[in-house]
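Note that chain A is present in both complexes that follow, paired respectively with chain B and with chain C.
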Partner chain A sequence: MARRSYYDIDDILAGQERVPCVLRVDLDGLGSAGSGGTSKVHRNARWALPYWMADRLNEEDYVDMEVSPVFSKRANRMYTASPESMQLRAICQYFYLFGLQLGDMVPDIPQLLRNMFMQRIIKVARIAQQGQNVEALDFAQSLDKTEARMLKLCQQAQSSISEWHKNNAYALKRAAVTASTAG
Partner chain B sequence: MAISTRQTEGFTMPELEYLAQSESITIVPLHRMDRVELVRGVVGPFRPPQKTEVPLWLAVMLKRTNRCRIVAPKWLAFEHLRDLCRREEQPDAMFTRLPVHYLEIAHMLLTHAEDDLVEPQGIRRLLQDLREVRQSKTHEGLRMLNSQQLQMDNLSAAEINEIRPLFRHSFDMLRQLDVLASATEESQQQSQFAENSYSQMDDAFGADYTH
Partner chain C sequence: MLGDEAFRLAKEAKDITADHIPAYNEEQVRLVTQEARYLWMRIEEMIAGLNTATTAAAAIPSQQRDAQSQVPGSRQLGYSQASQVDQQHQSQQSTQRSALQTEIENTNAQTALYFLTLNRNKRCLLAYHHRRAQFLRLLLWTLHLASSMVPSSLSQRLSPEEQNYARDYARLNSSYRDAVEGQLCPSDSLNWTADGELPPRDLFIEVRVVKDCGEIVTENGVVNLQAGTQHYLHRSDVEHLVTIGYLEHINPS
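Entry: the complex of A and B
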């Protein structure tokens, strides 16, 4: 099963992504948890469960976990076709981390993620250098959390050199928090 | 003390500048002075028209108190930089050879010893050009990133530092994907192996039945 990193909050949050499941047993009194109505849930009912829960229940044969729509065959074809134009933030906030967790279910995932990551990360580096323009802003909106963090780090690293060139590197600045409270 | 994100992601620019200060540089002293014994080594004696090598920090200190003239290093000459720029701009050119701390040294000399340089404004402009060309080349070079290494020769300390967060985290991601890929491959092989052995068993039993 997927290796989880116990202390990584992003990894934990990535496990919240819901995956479709099919129940294999009748459940009494849990109707309110699913589609609602009666208090009994019958087998073969479909439930969308968070991955961390579905994974465990799948192991114990209470449910059959299906491949998440994020990595369905059709979605995968789209990722391969145009990695740079995908709106990853809208698809899944923790796209890569979730993909890493799902790895055993879909064998193409490592290859797919690698291609996407390499192509997109180079664009991240490029827009970090360019600064503000329409294309860059659009792309920045489509980044998932992992990529967005990289973009921020890149921008910081680049600005640190130009700041230092202007001799601002030694100046102490007021923290944004105190500035906003005072204002 | 609070540690900023920049500090966990590599060096800060003031730190790099500090490191660059121990590079040695040639000066022409303007005053007579005996040898000075420092922790890093002995400098001097200073005999006026004779050139001596001192660490950069000492050169800057002497320059500020007007006790020396700094001899600009060869690579910081206008013509040399112009050649470098030209060579760097050629398509498919490798990174040209420059000192590891060239940005920091140039910055310090341009700040503190501008009058010892020939055409300081031109040098400033060329350095800026050089940096921009190298920067876009660095980003092209990132395409060669894989889970083992990223090789770009003749990058300076500040330039490496600039892309450090990017390749650091990318390595991490690619390595995790590698582990995952090999894990799935292994499990696939195992299931194939299991199927094969079942079919072999079937064959064996089938052979038994026919007898």
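Entry: the complex of A and C
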């Protein structure tokens, strides 16, 4: 079980993704922000709960958790067929992290994630080196958070190389913190 | 929904980057702790209610037995009638029992839900503060542990507790440094806030003064750092001023 650190913010944010559930009991406090959480949801109702809630309630049999539509069978087939054209940011911003959390329940998901990541990351590295063009921008828009971070790292590495070419690699730099907040 | 306030805190924690920190959201923290306290109160109420409910549920079969003991007189009426009365009693008792059991199950689930949310709130709070403290520590090391050098625009965004944390952290490190200085480098002064990972290229560097620093003492005497002047100095003397931004490193390229 690849459970990240307790303090990991990304893990917390990924766990907030909703999954559809069927309630087996009446539950209170599941209303949306507007109603102030005093609405009661009755048994046998379908409701989308955040994953951190649904997972534990499912263990106690208070709800029946179903697989999120992000990883439905049809979606999984699409992912294996053409991973590079998927708009992950539209589908789920924390696609990989959320998938890892769901992977405890659905054993096919980790393998699927791995294949997808392996194929997409090659493209990410390629567009980091290419610089700006239309295709790169479109693809960069479709990345989820994990991939976006990888892209940024690749781009930083690229700029470090060009700095080194200019013989600027060892210049002492002003710390970023002080630069942005100087009065 | 439960846990939404905590989620907002987690999102704010995500906003913290290497060079930017949003203001300490005291209001949000207060909301989350308020929700946590309310949940705990409800949990205690519900568990107290559960105790009375389970004793009530256990009491139902004994009522059934009393009802049956009153029925034998009707056995003379005829078997079917008696069984009808019996069935009525039984269905009454079973609906009563199942209603009570549903109630108990609901309360159990509700308690579990509140408990989960409570832990979630706790986790978000801890992660938020942990991330901010991490940022502060990094900031202090880049400022060479001079907690007074924190730009005022930044310190505005910190809560008073965080400012105290920054000061105490710097002080703790300095006192440790003083304690071991004699042992680690007997003849020199120990500067362990210098970047230990990047080996220096040159002994001397060319710098231009951006902000007036006054005078610094170097090995070759006193140097007056006035804004706009350029100097060729020992790297170790001026490195920290470059990091803070008072000097600018000019690279001969």
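Criterion: the second predicted complex is superposed on the first by the 150 of 183 C-alpha atoms of A that agree within 3 Å, B and C clash if a C-alpha of one lies under 4 Å from a C-alpha of the other, contacts with A are read in each partner's own complex, and residues count from 1 in each chain.
Heads up, the rule we're going with is that a residue touches a chain if its C-beta (ideal position, glycine included) is under 8 Å from a C-beta of that chain, and two chains touch if they have at least 3 such contacts.
Keep in mind the model is a prediction, meaning the values are calculated, not measured.
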- Item | Which superposed partner A:Gln111 touches (first chain B, second chain C, both, neither) | first
- Task: Look at A:Lys166 in the shared chain and tell me whether it touches chain B only, chain C only, both, or neither; answer first, second, both or neither.
- Result: second
- Message: Is A:Gln129 touching anything from chain B or chain C once the two structures are fitted on A? First, second, both or neither.
- Response: first
- Message: Quick check for you: in the superposed arrangement, does A:Asp26 touch first (chain B), second (chain C), both or neither?
- Response: second
- With both structures placed on chain A, which of the two partners, chain B or chain C, ends up touching more residues of chain A? C
- Query: Do chain B and chain C land on any of the same chain A residues, and which?
  - Reply: 167, 170
- Query: So in the complex, which bits of chain A are touching chain C?
  - Reply: 6-10, 12-13, 16, 24-33, 37, 50, 52-53, 56-57, 60, 62, 166-168, 170-183
- Within their complex, state which residues of chain A touch chain B. 96, 100, 103-104, 107, 109-111, 113-114, 117-118, 121-122, 124-126, 129, 146, 149-150, 153-154, 156-158, 160-161, 163-165, 167, 169-170
- In the complex formed with chain A, which residues of chain C make contact? 1-4, 7, 10-11, 13-14, 18-20, 102, 105-106, 108-110, 112-114, 116-117, 120, 123-124, 126-127, 130-131, 138-139, 142-143, 151-154, 198, 200-201, 205, 239, 242-245, 248-249, 251, 253
- Query: What residues of chain B sit close enough to touch chain A in their complex?
  - Reply: 5-6, 9-10, 12-14, 17, 103, 107, 111, 135-136, 139, 142-143, 145, 158, 161-166, 169-170, 173-174, 176-178, 180-181, 183-184, 187-188
